[in-house]
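Listed next: structures, encoded as structure tokens.
Look at the two complexes coming up: chain A is in both, with chain B in one and chain C in the other.
Now for the complex of A and B:
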């Protein structure tokens, strides 16, 4: 890897190539976190205990906060919140299809396993961004890492408990078989720009390296609990990274922008008007 | 997130394998951020600066009766003629009170005689932690019933 260690500079100092690569990295960070949070909210009043209602709600709030940080960084290039979210089309988004799937009805194992697969990938990705040559990414990464620790721990604790119960074990195994190909899309490319992201030092690991680390880590943990990990699986298509999504995302997106549309808005409102 | 609406056509999201995206001109803040030690508390400030710091001390966290200055959230204050620029962080990225706090800080600084305009720049480095809370802030937190010993 020919990685340049010099700082890329402020948003307006980037060359076109640098800016394209930075944007490519930022969009998947923002979209993954945002849609993961959108789905989490489903469980907020349906989790099996009040404690887990709180945990899921808290995870969702964390991810929304992180999405806001990443979209802020994107807005430094001139995008508006309206065009990014409320006036967007479903195929504008590049999140992995893992985060857009609805949960199987009543299946807490699905929710926990999905969180686990996602959050381990998130930890690995953030670690690869720690030394990013783009300051706006580097500084946010450090802040976010401090708030992500608990997510994997929470999921692992639940998986250990569910592995001890026969019915729960079957549900988790079924979720693993179902979700694994979708989780692999987290490591799919958006195109040739992937090489630039690494060459420019925006991220210091390739998608393949991150996927290998993720597979190693998740397989070790899940196998130890007695689950069979379908490591031979191919990534699901469409991947989401290619701007193509499942029908589930189209439905969720419709819901997401419906208030804005129904109220005939042209701009996102703030709590207080600027003076 | 708050921003000026702009022409959506000018800022289409990048597509997978898209050709080079158009590069619209935008203005943003490129000033290097403070390299001073954080947090800033205005200890040695005098004159107008001192008055701005006094105003900032008056802004409390919406959830706790503790000044944002004592919480260590203010990383820097610059005065340029009548323009005040405040570097500030938040305790939590998902803080739902972000807009409220930022508006209050700007309003407090702008309310000082001699300040025409105030702007908050949100910064995320260095990381905020409990270590940045001032002694006075720790005392206020204890009184409020929050333990700050680790």
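Now for the complex of A and C:
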């Protein structure tokens, strides 16, 4: 548990140790949301119905909005959107490998289950950040929480329906077996800095505590629907948290930065001012 | 009501599902609405790669939101079409997937490069705005009603497109050249957006007589050129010499029809162009791949077990 609960102060008031720990927490928040959103957009204009197309677009835009909030907090330490997203290398990112995996065409079961596993973890993480000693995290957390509740509810409704249908059930089970080790990487450490994150009160639960809560919640819900949860799985490697990623991320990253590069851009546009 | 009565009573928002309308009217209105709804879907499909390829986080968000709006427009327009009692939404979507559904010419040309995006998001959407604003006065009330919301959102889309164009044309020389090149490629297609001149148009007479449509192709093309040629020039684009556009000096223009490739246009409008096939078929494959989900939803709606259909939406 944290030894001190006092506010860490403004971005320029942090000691080196505090700043490193705050950054470590912020990078995974931002990168997870950014790439989860990116993969969601695969389903835009490809979802099963017009209604589910609208819903998946909502989720993607929520996550993009959250990513923007977290990157904005990171930029207070002197980074720019360009250096973070457009002129960086794939290995600069620390998102969990769960969110970088591509979807197979038509695998809506994967989309829903992945959203569920991710969003429950996100809810638990945000709860542990509610009273963060770093104000920029605390304030953003409360802005984001309401939307994540809705995401979990949306995924749970779909999973209930799919559990009731033979083909859908098999697809979800297959996705569960495949994705579970990757989902565990959400709780993998970046390195020694993890202890500081909790000691400094930036987050008030350890990765192990959050993983246990996540396993308890997801296992109870999924088992109740008749799914078999592979709880004794080991986390997949690479984990993403250690800046090592699957080839899927390298390919995706290249596509994402392609226009910026082809145009020979040096600046990423922000729209708030002129529109 | 017979056709003569419909023609006499035709005025903005005159008819609704409460009226007993002749089949000819309902078919004509269905054809227009289905074409419009299909165009929203195929326009969204054309732009979707640029959610991923947009060169800034906020541009990415704008592309995602725009694509979502268009799906929402499609949903509204299919609903307005269904209310005519000729075709169900499922039938229209099925026709779109199997290549029988028709949609706007510009959405048959796959986009490869980011510099092409304002050709759709500014010029084509701007052209669409011209047409759509007049449809607020359509005699089919559900159509006119849908246009109230759609026009508002389209206005935002055109601003988004204009912002991209302005940025590209005030960027590096390379960006400006690439954008000019894309403009030259797209300009003839954009001119053909309004279809052939009035004397060549087939469906127009009836649609105008019954108030479904309130402006002719020529009037709409003139209104578009009056606004958008100066805008293109303002941002530094050069209007290509061909197709020739004669300024009549009275706010009207004459596009020299022979300078446009009408054979290609009619191939496109029959869904037989290479790009048509590419767009229709790749979307159809994506839709086919999630047929199992729709089957599941249909089965559960029929048997009534499981949560309500809305719950998963």
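We take it that the second predicted complex is superposed on the first by the 267 of 275 C-alpha atoms of A that agree within 3 Å, B and C clash if a C-alpha of one lies under 4 Å from a C-alpha of the other, contacts with A are read in each partner's own complex, and residues count from 1 in each chain.
The rule is short, and it goes like this: a contact is a pair of C-beta atoms (placed from the backbone, for glycine too) under 8 Å apart; a residue touches a chain by one contact, two chains touch by 3 or more.
What you see is a predicted model; the values in this text were computed from it and never measured.
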item: Partner chain in contact with A:164 - chain B first, chain C second, else both or neither; value: second
item: Touching partner for A:64 - first (chain B), second (chain C), both, neither; value: both
item: A:106 touches, of chain B and chain C: first, second, both or neither?; value: second
item: Chain B versus chain C as contact partner of A:234, first or second or both or neither; value: neither
item: Contacts of A:81 with chain B and chain C, given as first, second, both or neither; value: both
item: Residues of chain A at both interfaces, chain B in one complex, chain C in the other; value: 61, 64-65, 68, 71, 81, 268, 270-272, 274-275
item: Touch list for chain C against partner chain A, complex; value: 41, 44-45, 48, 50-62, 64-65, 67-68, 71-72, 74-75, 78, 113-115, 159-160, 163, 167-168, 171-172, 174-175, 178, 283, 285-290, 292-294, 296-297, 299-300, 305-307, 311-313
item: Contact footprint of chain A on chain B as seen in their complex; value: 1-6, 8, 10-18, 20-21, 23-26, 28, 30, 92-96, 99-100, 103, 107, 110, 122-125, 127
item: Residues on chain A engaged by chain C in the complex (per definition of touch); value: 34, 38, 41, 44-55, 57-58, 60-61, 64-65, 67-68, 71, 81, 85-86, 105-106, 108, 154, 157-158, 160-162, 164-165, 167-168, 171, 255-256, 258-260, 262-265, 268-272, 274-275
item: Chain B-touching residues of chain A, taken from the complex the two chains share; value: 10-13, 16, 19-20, 23-24, 27, 61-62, 64-66, 68-69, 71-72, 75-84, 87-88, 92-94, 138-140, 142-144, 146-147, 190-192, 241-243, 266-268, 270-272, 274-275
